[in-house]
Every structure is written in C-alpha cells, then in structure tokens.
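Chain nomenclature is as follows: A, B, C and D, assigned in order of appearance, with residue numbering initiated at 1 for each chain independently.
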C-alpha cells in the first residue's frame, strides 16, 4: 500500500477527452464532482457519452451545464428530464437518448459492469418497456429470457472509459469515505470505469478513515483530486436551494 | 420507526422448524450466530436445508456440529470440506449436495434472491463446471446464455424461509452494525430470507449506531436476539484458535 | 371555524395528501413520490410513526431543516435538504432499489398522470415530438415491488376530462398494481389483480352520481360508502 | 553459514514461498491462497509494500497478532486471526468477489494439485467415492479475473509423479490462466494464452536435464535461464 494517487486536477483530467465514455457520480445533482465538471466546461471537452442516474439538478446547477454547452452527445440514465438543459438538448436533437431504464435496472447495469458480471435478469418493466414503439430509436428490441416460467429483461453491463465520483474524504492510497446520502452508487461507478477519479472535500493521511467507514476501497481508485471544501460545498447547495425556493432565504 | 424487534431467543427461533430452508451468516466459521446455532442443536431441529458460504471452521466449532448431529439434509454452499463433519456426512450419504458454486457465484445468487432479481449472468467456470459428469447428482444441466458472443451461466436466485445473521450491535428497530470482517454478506442473507433474525453481541438504544455505520438497515430485520458478549465471543475464538495451533497458547 | 367552512377552504392538494396519510399505518416503511405525495408526511395520524425511505439511499428521513442546518450530503431523492431521525440508516443505491423491487417498502404514495379501472398507473412518460419523456426513475421499481400502492392525483385534468380512465393509453409505470386511488373527490379501492374499482369514499357533500359524472372508469359502490376521511376531527 | 549450506537447509515450502515473493511488485494488490502461498508474505523483497486482499472482505491485512490481541471479527479468508494495517478497507463479500472477477487483484499465488503445459491449474477437486470434492471457494473467481496467476506447488507427488502435466485430468480451477509456475525445483513462465511452458530458472545445482527428468510437461528453455531467485542475497 504505497502508491500516492493524489493528483492535480489537470493531471487526472487528461484522461477525459473528446468522445470519452464517462460515468459521473450523482443523484439528481447531489454528490456531483463539482470541480471536475467545471474543468470539463472550461476545457470544452465535447462529444461525451455521459452515464449517470439523472442529468442533474434543475436551475443551471453543475452537471446540467454540460448539456447547455452542447458537450454531451449521448446520455444513458434513468431520468432525462430532471434539468431543462437536458430536455432541450434532447428535443433539439443534439442529445442522443436511445433508451432509459428504471432506476434499479440502471443501478444493476452499472454494478454488473463494476463486478464483472455478464448481466442481470430484471423483472421490472416487462410487459411495459418492451411494448413496440416505445423506444423508436432502439436498434434492437430488448432481450428477454424466461426463468422458471417468468419473463425477465437481460440487462447487459454498463462500463465507461473514465469514471468520476465524489466522496467526502480520501487518503492518498485511494480509500474514500462518504457522508450520509452521498454514498449513492459512487463505488459501483468507480469500479465500472477503466480509470477512476475521485474528487473529495478533504484529503487525509492514511489511517484516518476507519476501515469500516471506507466506502470505496483503495484498489478501485486511480486518482484523488481535491475538490471544494465541505463548507464551500454546503454553501453552494444552500444557495441553490434558496434560489429554487427549497430553503428559506437567510435574513 | 416504532417497532421493537428485540425478542427472546426461544420466540425468534420458533420460526426454525424441521425442514426449514435456512440461511446462516458466516465465512468459514467467522461471523456465526453462535447462540442460535446452539439453540438448533439443543432442540434437535433437523431436516434442514442449509445455505451458507461454507460448512464452518474445522475442529468441532459451532455450525459444524449441525452436521455431526445429522440435522442438515442439504447444503448449498461454495465449499463442502472446510469441516470434517460436513465431509463425513457427505460421503456417508446423509448430506445431500447437488452442486456447489464458485464463491462469487454463490454470493451473487444470494444477492439476487435478496434484491428481487431473476438471476445473474456469471462467466466464472464456464467450460469447466458445465463439463458432463462433474455434478452427477444434478437434475438438469447448468443453464447457459450467450451475450455479445460470450457464454455465461444463468445463475438463479437463492432464497430461504429463515435467515439467521450475526452482527456486532443492533438497535430495537433492527439496525445492525458490523465490526471489521464480520460484514461478509450478512445483509444479503438477511434480505434473502422470508424472516430475518439477527444475533448480536450488544443491543443498543435507537440512535446509537451512526447512520453510515448501519450495515443492515432496519427494514431488512424481523427479530433481534442477544448473543454472547463481544468479550465472550473473542474468548471462544481465541480458545479455538489456540486449539487449532493458529495462536500461541497463553502462558 | 366549523367543519364545513374548514372543508370548503381545503385545496385539492391538501385533501389528497390528508386522505393518503390515512393509508399509512404505524411502523410501516413508506416511500413518498414527489409533489402531492410528499405532503402526506404532514398529515400522519397521531401515534403513527413510520420510516421514510428515499430511493437515493436512506431509511429514516425527517423534515426539512433550517437553512443553516441544511447539508449537501443529507438530501432526499429529489435533492431537497432533509434531516435524519434517530435510527436512520444509509444504504447504497443498488440495494435501495433492490429493497423497492423486493417488497421491503410497505407502502408508496405516487403521483399519477392517469390511473385506470385495471389498477394501472401511468406517471413517467408524456409524448413530446414522438418521444416518450422524461423517464421512469424509481417509480417503476416501486410499482413492481411494493404491496400497497396509493395513486394520488386530481380527479380531472385541465380540459375537464377524467384522469381515472377505463384504460390508460399512456406508457404504464405499473400494471394491475394500484391498491387505492385517492383524488380530491373520491377514494377507490382496487380489487385484487386489478379486477375493477370500488368507490369507498366521497368528499363530503358529493354523492355517487357526482362521482360518476366526472369518472370515465366503471366502478362499483361499496356498501360501506362513507365521507372521505381527512383526519380533521 | 555460506550460501550453499543455506540453500541445502531450505525446505521445499520455503523455497517455493521465497520464489513466489519475487513475483510480487511494489504497490500491487495481492491475494494469497492457503498453505505455501500464505508464507509468501514473509519473503517480500525490501521496499515492496503491497495490499493483501482477503476474499472474506478486506484489503490491507497485516500479520498475525499476539494471542490477546486476536479478535473474532478480524480474520482472513481461512478464519485465522490477523491484524489490519493503516489504510485497510473492509468490503462486503459480493463486492470482494466481484473485485476478484473483474481484474482489481493484481496478482494471486495459488496452491495447486496439478498444473499443465497449457497454463491450466487444478486445485479444488479430488475424486472421493465418485464425487468431486471439496468445492471451489474463491479460487475459480481468482483464476477467471486476476491477470498474474502464480501456481505454487511441489514438483512431484508422493508417488514420485510429476505434478507439472501435459494435460491435467482433474477438474480445472482455471483454463489457460497461469502465468508462472513455481516449484522447489524450477520456475516456468507460461506463454500467453497457455501456449506452452518456458523454463526460466532452476534451483541452484540443477540443470535442464534434471528438470526434464521430473517433468511430464513439455517445455522450452529460456535463453536467459538462470538460478532460482530466492532473495537470499
């Protein structure tokens, strides 16, 4: 356990190029790697295939700006419409969305990619999502299999060239700790990318994170980058929530 | 969040009857629910189908005694031979073992049962475990599927009537906390049983276990029973390790 | 304020949320969808303590915190700031969704675009430019796996058409899965396996014919038909 | 003690463990099987720091603790008491096995009943009463997913027969997966995709013909053939 994976943002992000298939940790904008997203916006890295649970949080927050900057070619998600930016790109025809998945199916597809499975058999949506005409852009119909008399979708793994996830703290080995609902499926996303970058609020010495509090063990991380401090992150979310009317303005 | 799931051992264990399909948390004897196992031995509950990673730890420890007491009709595991007791029962013909699985496959089958999947596609062992004659007791050959030109086993879910798992601490709601390597796949096992009992070293008030340290969230547990104290548990393992020559005897 | 005055001042949203709250029992694990369903939490009967599930990975959400207590890492499934109650438990996303699929959530209250007399619910897709949008999120997982599914919706749409249909023509979220339909006008119980609706409650002052006039679906009338329970007593 | 005396006193187990340790590089994630492979940890070259993986759900195991420091909840995959090094990380069983399947373990040292010239390894099954026993555990997952697989075994069995076969007839643990074969007599490198063995080292004092005499498998001889590296200098 001797590698130091802490890197400057510029160094880690050289892996993200035009056309990269990119996973980003988040859930409706919570748990986003803010500085890495800002880097992509600044460097105008485009033609991305973006794999994430949702396009992000409404109101011009973080990741949603990737859509208005026309940097995303394809979105593989569960929701399309959590941000106006993604909906507009979709209906303008600049954003390709061939299919979307029930959230649990999407999460299992990422996990299958993370853990080396050939796929999972999912019962959700059978008889609904396989209705002809529902996904007109789909090249092939969804594959089904019958096991013990019940039909399931055969859901293949999702993988990416690069995964960027967001944690609270990390040590130089690459152990990552989450706070509360920041966990999401950040670990599975990290494991499903050929190269995994974690952005954290704080970089701490090895041994700081208790072994049972490690949310992503060190072998699954390739690069650790310093993000905004927790205080700054909290301030940004609070400001945005006030803007959206989800929190009372401060007097 | 108002149910109190703490029960006397006798009350919780009434669910375990002759013929019960039973999952037990453990890994080669570590993380075993010792008092629940003792209860089964005392009450001579037999004809069990036992689903666990391994038969247990060598040297007459805990769960292994279920085999010498002839209480297990069938074992569904990854190993058969970690204890002499299980091997003897197997070769004597009193213990049925139709197939065993690579450990990762076994763990995924339990998880599929836990999380409502129809199965998982596993590449491990293809071309080996499907060789004719390897499992002479198997009623049907292992089912395979080809996805994107590669063959996988279609591994169906494992479920049980009752799951008994072992944690460090639990609160009366049923939140369970693990110590270190005690985590194993205890959560998946609990979720894969129609009724889930957790045995813990300590029962603590609601709010004691930090939200991120909950290893099994309360909805997945039906009964909480008091096990041996952590000190007593440590003593039992140390004594057994000394007996096996894995630790130096105390002077 | 007398009860009639009180009733006349209730908004449709509050009526629906109040009535949905009656479907929740003490000790249950509850998942509330967005919009009206979220308001349900405000009207739980006294003595009913439940565990709120957020599909993003939590059991045990509490109310919205004060602005300065809001934390970026304590959010519900819509990324609203929330708090955690004692006994709260975090879990990863795949397990959270697995819990929804596999029956660990006791009851869910879901908003709906349409419901129908077969117990179908449609709430994830509208057709824009020939494409269905905006995607299912976790609603389809809930419809697959939750035993008690309460559909919460206004009885008629802006054009005055019934949203309680004979057969929904939108892409469904779940088939034959709704157990109770709650609108601001009426409550229908859905027979097992979606074999028809039974009118069990009407908003005070409305009778069966009033409901028939605004409902496309066929329905039976319960012999125990009573005024809508709103927890106002 | 001069080097020859030292060499003559090494047990077969120590020779194999010492040589296997040379296969491990600084910073790697390492999974050691039971028996001889476990001993490998004792002979890592100076400056080589690795993270030991236990399939039961841990990265970062350290050595066996003193008896009174041994804890029932800190064990390796064989339920031996171990310690945890700074930076250790726990994980659940399914993820731990997924890491093995999906290439997150850099190198594994596995004991073997037999290996062969196609890079096959057999270590999970012996035939007793017509049944294969005792089961694969995690070895098959490792053989599927780990890029560097070192097979550690004694060169000949008790009957004097070579355990380095032309073609193993036991149920295999992995096919065409072994990258290096280490015995107390020789080290073979396996060509990519199991296309044959190359003798790269012999125990000091043994020559190619000595190895041919005790090896069933065909093998080429490396132009760089050298004495076995044992880290004794």
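To be clear about the criterion, contacts are C-beta pairs under 8 Å (C-beta built on N, C-alpha and C of every residue); 3 or more make two chains touch, one makes a residue touch a chain.
Every value quoted in this text rests on a predicted model; they were computed, and no experiment measured them.
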item	value
Most distant chain from chain C by Cα centroid	D
Cα-centroid distance, chain A relative to chain D, in whole angstrom	38
Separation of chain A from chain B, taking each centre as the mean of its C-alpha atoms, in whole Å	33
Distance from chain D to chain B - Cα centre to Cα centre, in angstrom	29
Chain D: positions in contact with at least two other chains	58, 84, 90-91, 94, 97-98, 101, 144-145
For chain B, residues that touch 2 or more chains besides their own	108, 116-117, 123, 178-180, 183, 187, 211-212
Chain contact topology (line, ring, star, complete or other)	other
All touching chain pairs, where touch follows the definition stated at the start	A-B, A-C, A-D, B-C, B-D
Footprint of chain A on chain C - complex, ascending	54-58, 64, 66-68, 70-75, 77-81, 84, 90-94, 97-98, 100-101, 128-141, 144-145, 171-175
Complex contacts: residues of chain A adjacent to chain C	27-31, 53-54, 57, 77-82, 87, 90-91, 100-105, 107-108, 110-111, 123-125, 127-129, 131, 134-137, 168, 178-185, 187-188, 230, 233-234, 236-238, 241-242, 246-250
Residue numbers on chain C that touch chain B, as the complex places them	26-27, 29, 49-51, 53, 58-60, 84-91, 94-95, 97-99, 101-105, 144-145
Footprint of chain A on chain B - complex, ascending	108, 112, 116-123, 143, 145, 147-148, 150, 152, 154, 156, 178-180, 183, 211-213
For the chain A and chain D complex, residues of the former touching the latter	1-3, 114-117, 171, 173, 175, 187, 191, 206-207, 209, 211-212, 214, 217-220
